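All chains are identified by letter, namely A, B and C, in their written order; residue positions are counted from 1 within each chain.
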Amino acid sequence: MNKWLKRLFVFCVLAFLYAPILVLIVYSFNASRLRGSWDGFTLGWYQALFRDREVLRALYHTVLVAVLATVISTVVGTLASFGIHSLGRRGKSVILNLNYLPVLNPDIVTAVSLMLLFGFMGLNFGFGTLLMGHISFTVPYVVLSVLPKLGQMDPNLYEAALDLGAEPGTALRKVVLPEISPGIVTGALLAFTLSIDDFVISFFTTGHGVANLSTMIFSMARRGINPVINALSTLIFIVMIALLLVINRKTKEEV
Amino acid sequence: MYPKRTAYPYYLYLAIFIIVPLLLVLYFAFTTSGGQLSLTNFDRFLTSQYLGILWSSIRIALLSTVLCLLIGYPIAWIIANSPLRAKSTLLLLMVIPMWMNFLLRTYAWMTILSRNGLLNQLLGFLGLGQTDIMFTETAVLLGMVYNFLPFMVLPIYSVLEKMDKSVLEAARDLGADSKTVFRKVIFPLSLPGVISGIMMVFIPAISTFEISLLLGGNKVNLIGNVIEQQFKVTGDWHFGSAMSTILMAMMILAMLVTGRVEGSREGGGLF
Amino acid sequence: MDHSIELMDVYKRFGDTEVLQRMNLAIKDKEFLTLLGPSGCGKTTTLRLIAGFETPTDGKILLHGEDVSRVPAHKRSVNTVFQKYALFTHMNVFENIAFGLRIKKRPENEIKERVHEMLRLVNLKGFENRRTDSLSGGQQQRIAIARALVNEPDVLLLDEPLGALDLKLRQGMQRELKRIQESVGITFVYVTHEQEEALTMSDTVVVMNEGRIQQIGTPIDIYNEPENAFVADFIGESNIIDGVMPDDFRVVFSGREFICVDKGFAKNEAVDVVVRPEDIEISAPEHGMLKGRVSSVVFKGVHYEMMVDTGDFTYMIHSIVERKEGDTVGLSIIPEYIHIMRKTHVS
């Protein structure tokens, strides 16, 4: 196939993917509120962003929920992997199918089911339910990251630790955990990323004015274009690129 | 071999946060507000109004899946066949948008597609007249393809990348030309990735409500929107649960059709 | 005689599969005992039962007279060397060996001293800070041995530890293991499917098949006096022919009567006759007790392996006498080399 055709195609697709982001970035500096005109370069929207209590609170909730959910789900999911790994074939299959449900189910169905649960339990919707919702959908991803690593590990390692006199808990801690740590890290990162970015589940499980970034953006966007969102997008984009560069450099160092 | 009780907290979590909620959905779906077992919720769904919505949702989801496949497969192919440095750069470029909050990405299209937005400005600049795409199905379709394209590219790329090159060499050795090699060897072998990609696009596409709300306004109503309205606005949890059940049923059907049921997978890992 | 390990009526089942049938075994203190048998015979399961990784479905396991059947692995005073070494990859050599001592919370200087001593014992002095993945297979195996022995167990269990090594290295390590066992002076229980290995290193060999002990004895006994057809066939090569004993010291097979050295069978009892390939002499056809046609000849370096068809049985012969395919030869067997065995039902 024609090399230039290929290059054109890739370029078009990349342009398609990045144009909207670039538009946001450009418009975040536009003094005019209207997208139609350019009124000059300004940092005003960024200033508004940092002064906006609502935004800062949403950011706080987002990060707090993500950190808590990640820690809890990583612990629960990792511990779960030991037990699941030791199940017989039929038990394992049943448990794993159940584990897969939040992963495979459409977001909205999971969200709605959780809303029913919290309603049924008579809970007040707020930070607590939001956190529980996030833990709900992150645990399966931790299991999905840790369990295979456990399966790949030489089972003799755990037995060797026992053989040398370690209690099961000590053996798990000192020998197995270090061996599967890449899987645990992957699971935790996955959980964190999914939590930071979540919208649908948060939308249905939060309440009482507790918003995370996604739900806040949604309500703002519904009301129409708001240049503060442009500024927010640009900042998030820059943070992401920075993170990626750091990770890229770290992995290059290791190699 | 490991102490089984380490999984007890997890089993508790499974029961409370996965099993019970789903049972609740089924319970609400099959009962009336009076608490009696009944199929009225499903009956109500079978009226023309809601069937039309279901059909729209399926139509748009299928269309966006096909578009993602038509664009995504070639891209995955090109990346998989690129030299090493280009490969990792291209992959990175494909993945970065995924990391951006997808609401923001959808919102970005609002900026572009609205009446005074960038697209119309551009068209006006070129003297091509104006379009009114915002709040139409086209806008929603565009938003879906934009959001979900990377999810189609990655699984296909993954399979193409891992493909045993010696199989291709064997085919060529036996006399097949490039087109035949693709048709008879590469594409069939890449099918698992294609199916993964299709599932990762179709299921979110058919159940979305944010994209249709932001880019379609009140004009484009999909199943996801109706469900959202039942739970957040009208408070008719029974009807909402019934439609959620239908969504779930469709998902299970799709999975059976593509043979993706868990029992056939070893190790329990992702992809 | 002190028995370090005893298995009393040990029976083990996994789900529907019976892996060990009513095993009784007494292992003496300080001896090198090998469990020998084909894959699936139950030898590894037996080892794991002694180690404590499995519990017997029925029966008892005694360590120095104490019933440890229900005692978990980490509380037993035995240590194991695994087939794939199972070294802890996130620790260096020193930490691997010190692991058991650290669990027991031994003082730091004692740990240092004993680890060094172990490294000297396995001829790897100076390897303390090496990473486990920088070691060769043979080195890793020796670290695994050091890691086990440093804890001064009463018994060392070895599960096919040399399986992953090439031949020359294997043979070297076999000598090493024997030397270490004699130096440390504890019981070694060794599992392998390689009969040559078992015969080389062991004081006692336990031949197993399908969950049952087939024979227990010294290497020489096992080789020279196999008690049944399985052992005869598994150890070395054997020709096993159907025969009949009309009377003591006489046996009929392959169409003629031979003098043998066995007695005590019933008149005209049907028996298995076992003759080793290296025990059959080749001569000119008219001078042999049996006559046959050479159907194949393979040069094996040490000897020629020939298949000779006598009509009712094809004998395997190991001989330095060279013959060609198609030749007619005579075969002779002296009485001492004819072994008679009761017919066992082959299960």
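In this text, contacts are C-beta pairs under 8 Å (C-beta built on N, C-alpha and C of every residue); 3 or more make two chains touch, one makes a residue touch a chain.
All values derive from a computational prediction rather than experimental measurement.
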Central subunit by CA centre of mass proxy: A
Maximum centroid distance from subunit C, chain identifier (CA atoms): B
Whole-Å gap separating subunit B and subunit C, where each centre is the average of the chain's CA atoms: 59
CA centroid of subunit A to CA centroid of subunit C, Å: 56
Whole-Å separation of chain centres (CA-atom averages), subunit A against subunit B: 17
Shared-contact residues (touching 2 or more other chains) in subunit B: 1
Residues of subunit A engaged with two or more neighbouring chains: 159, 168
For subunit C, residues that touch 2 or more chains besides their own: 53
Complex contact set, residues of subunit B against subunit A: 1-11, 13-14, 16-22, 24-25, 28, 71, 74-75, 78, 90, 92-94, 96-97, 99-112, 114, 116-118, 121, 146, 149-150, 203-204, 206-210, 213-214, 224, 227-228, 231-232, 237, 240-241, 244, 247-248, 251, 255, 261-263, 267-270
Of subunit C, residues touching subunit A in the complex: 51-53, 72-75, 78-80, 82-84, 86, 88-90, 99-100, 103-104, 147-148, 151
Interface residues, subunit A side, partner subunit B - complex: 6, 9-10, 13-14, 16-21, 23-24, 27, 34-36, 76-77, 79-87, 92-93, 95-102, 104-110, 112-117, 119-120, 132, 135-136, 139, 141, 143-145, 147-148, 151-152, 155, 158-159, 168-169, 172, 176, 193, 197, 199-200, 204, 213-214, 217-218, 221-222, 225, 229-230, 232-233, 236-237, 240-241, 244, 248
Subunit C-touching residues of subunit A, taken from the complex the two chains share: 154, 156-157, 159-168, 170-171, 174-175, 178-179
